[in-house]
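This report concerns only the one structure given below.
Residue numbering begins at 1 within each chain, and the chains themselves are lettered A, B, C and D in the order written.
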């Protein structure tokens, strides 16, 4: 009887934390989203020394509140899942842990010499932002287009790298250390800056020959930017043009995933069909309201 | 009889101000267009101190002329419409008011301390330029393509933001305050500057590791610019490729809207069909020449 | 008899100068091309003061040689055409004249005070480069795609301008003269520099709010660059996809135009069919070898 | 008997060096790849003076090891081919030689005055990176799209150059030497920097008129970047859209080329069919395992 009661309690919590189709589940997600954004803003504000000097205590309190919140969330996520090891070793499990521990570690390493390492640890919390990616939702056309053109873009980027190494070396020979091209790695860096049309201007050619070669590099970079664009464009046209109906269905599917996302309490499998009764991975019964 | 005469007078004015299918209506539009452009140029010239010192009185007179013109236009627009509240609370009604009042407010706030606020008020007139958007005309393929790809581009821009926050934090840790990366918000700003291939160069990495990460960011930015381009390109191809005939009809429709734009005197509804006799929104009779 | 002989002489010269399907005509074109490129290089070298100081006389002689060559060409072009007024008032006729006279005018204005004006006159010769456009040849897919998307790109560029004026004014209010945003026109200039992702860095925001707005402008600029690209891409796909066969024929036609370009001696009409005997514009007989 | 034995030995070596379908052949390729990358990194590190000062001897030893390795490879490639002259005069043959000799030449030119020339010679080894291109593999869609649009992109780049020369000259006249536009070649260089949206900022217009023209150039550059992108995009869509099945076959073919790449021992011809017994170029028998 007790066990049954506990099971119900676990099941309800699982629904709230892992799913989003109950009012409580939606509320949980919104609170989590706000907490994530607040923690990112806190990490950012803390790095602004003029702000940190004034409101150090306030920031510290805010961080502790969020750390406690994330700790509770982390523990609940472990407790309400049948296979906790699977969650802990999953991508989001590691992100959840990494974004929670730094504040606790700051209690241990309070020595003067550990301050620099401590600072780096605090910044790990910035990775909490990756949790937001969870809300970007399911697989879509965009991801498919990028996936389909990934191999081709890699070849292209590799070609850009080879060109950068060769032109970087030529610029190093032509311009030399006086113009800021002090060594080949720096020249290659400059070449990438130029070819991608970023153009910081911290290093710039001064000799006529160097400026001529720079002009060639720029026009090349201007011309080859067309290549990855053309690839993604074509892949995306293929992906989206194939079937308009599919796109609509996918959209509907997306809504289903976001609003009625069932997550198996046993194996964490997602993307169950709307009318599914059993998990399609482990056969465990799914819990509806 | 008087009322009938007044009605005719109002109807004729309505035609001139809100429509463009009579010679007087066209003239009104051209005069308004010139007045808008003149007011923008006046605001700009006034901000150039060397110009303002010389021709302050001339600029002041010019501004008063345009302010009076816009005031008359604003009053006439209210008078000739049956439901003035609807116009006043509409987007263009607010723009019309906001671009007229600053000069009058400058008469009230003449104290020495109010000068800064006054300056800001004057600049509000720059929003008059949005009235020009009215002449950009009706909905077209372009707007549809942007509308169709808006959701996907938002997801994409959100991904760019997440990447900027993470890479900005890494650069802050690697480069530190000595290279200009004084805090995380500034580092994130630098990361956006770099990823969008703008590259001001006011902040630039100086350490080899920082330059290596910067190169990775640049090549990433260079690669992902292909994504929104591909999306718009594909959406636009779909939108324009679907039917050439539609495009021609739309073009004809555009001309109709611009040249014979009927605007209901009662409810301000636009885009009536060319041969419409009654307003399709309120049933009020439309006035043709 | 004399007149007949003269006619033959004129006809032969017309063939050499205006057409390219005889060995002499081809040679004339190649010589002209080299002369144009040489004149451009001379104008450029003359502006490099360190080079001009050393080789002033050499440059002067070179310029006179080219000026005489262009003068002869200009006179021959007038003489060998039946309607010289039509040639003189045509686009290339004006370019030919403008690129020839500056050197003669430099003989007239030798006074000390006229030196600055003289310098500007010399530079007019740079427009000779536009003659090269003549060799870019006939209308092609590319030009058609640009032509078809011209109207849409104009609307787009106009929207960019409106956004630049509004954001430029906001940046002027936020940053002020201390950061280099001394007046609105300069701020609008900065905004265009940023939105087009050029990013010189001569002016850059320094306040946190200014940098935040700049980030918004950059991401906007980065997003909207997709729009013209998408338009040209779609129009080009439509233009080139419609018929592959047409493209091949066009290519053949291009060759015909370049190699066998018949140009009517009477009315300067071009693009006659390969087997044409009479001009399709004025009915005048065409001269073949 | 001896000759037969030697033939077998040569044939086996040929398989290892020129092909990649035996375990030994694969190992050879991987070792070569690592050696190439190591040599590039060595050249780069050597140029960093702070690194070279510390580890000069270590770098020197590393270079000698790689030089000896490449020498052995070069000799074996000559020995195992029936027509060595063909290999030596081929593109990769020249690259192989050029990337091997600099270290030997450094033994000859050890005089103090030859140091600068020596440095340049050392850097030639950077071209070894081009050997990596060999592993980028066979012809693919990407290359075909670039090939198909090469002519059109050339016309486009030529148009950009003409525009740069004209606008560069105008900027030289407007801004003059005080703003850094000291001569026309430099102005043209600045114009290319601006038009390609690189924007170093080492030279930037300061006069209002100059900034206005710069804004026009930037918007032009921003608009015309769409042209090459559109071309490649359309060509690529055509190339990849024509047949999905072909793409799959091509992929399979690619694998075949990479994994079972047969290279004729007699004439170096590649791309034999998988089941080919005789070379399709010289009729010489191919050697399978």
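Operating definition for what follows: a contact is a pair of C-beta atoms (placed from the backbone, for glycine too) under 8 Å apart; a residue touches a chain by one contact, two chains touch by 3 or more.
Given the structure is predicted, the values throughout are model-derived calculations rather than measurements.
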More C-beta contacts across A-B or across B-D? A-B
Pair in A-C, B-C or B-D that repeats A-D, with over half of contact pairs matching by residue number: B-C
Centre-to-centre distance between chain B and chain A (centres being mean Cα positions), rounded to whole Å: 34
What is the distance in Å between the mean C-alpha positions of chain B and chain D? 48
Residues of chain B whose C-beta touches two or more other chains: 185, 188, 197-201, 225, 229-231, 233-235, 237
For the complex, which residues does chain C have touching chain D? 40, 43-44, 47-49, 119-120, 123, 126-127, 129-130, 132-133, 136, 140-142, 145-146, 153, 157, 160-161, 185-186, 188-189, 192-193, 195-202, 225, 228-237, 240-241
In the complex, go through chain B and note every residue touching chain A. 152, 155-156, 158-159, 162, 165-166, 169, 172-173, 182-185, 188, 194, 197-201, 204, 208, 211-212, 214-215, 218-219, 221-223, 225-227, 229-231, 233-235, 237-238
Could you please specify the touching residues of chain D with respect to chain B in the complex? 197-201, 229-230, 233
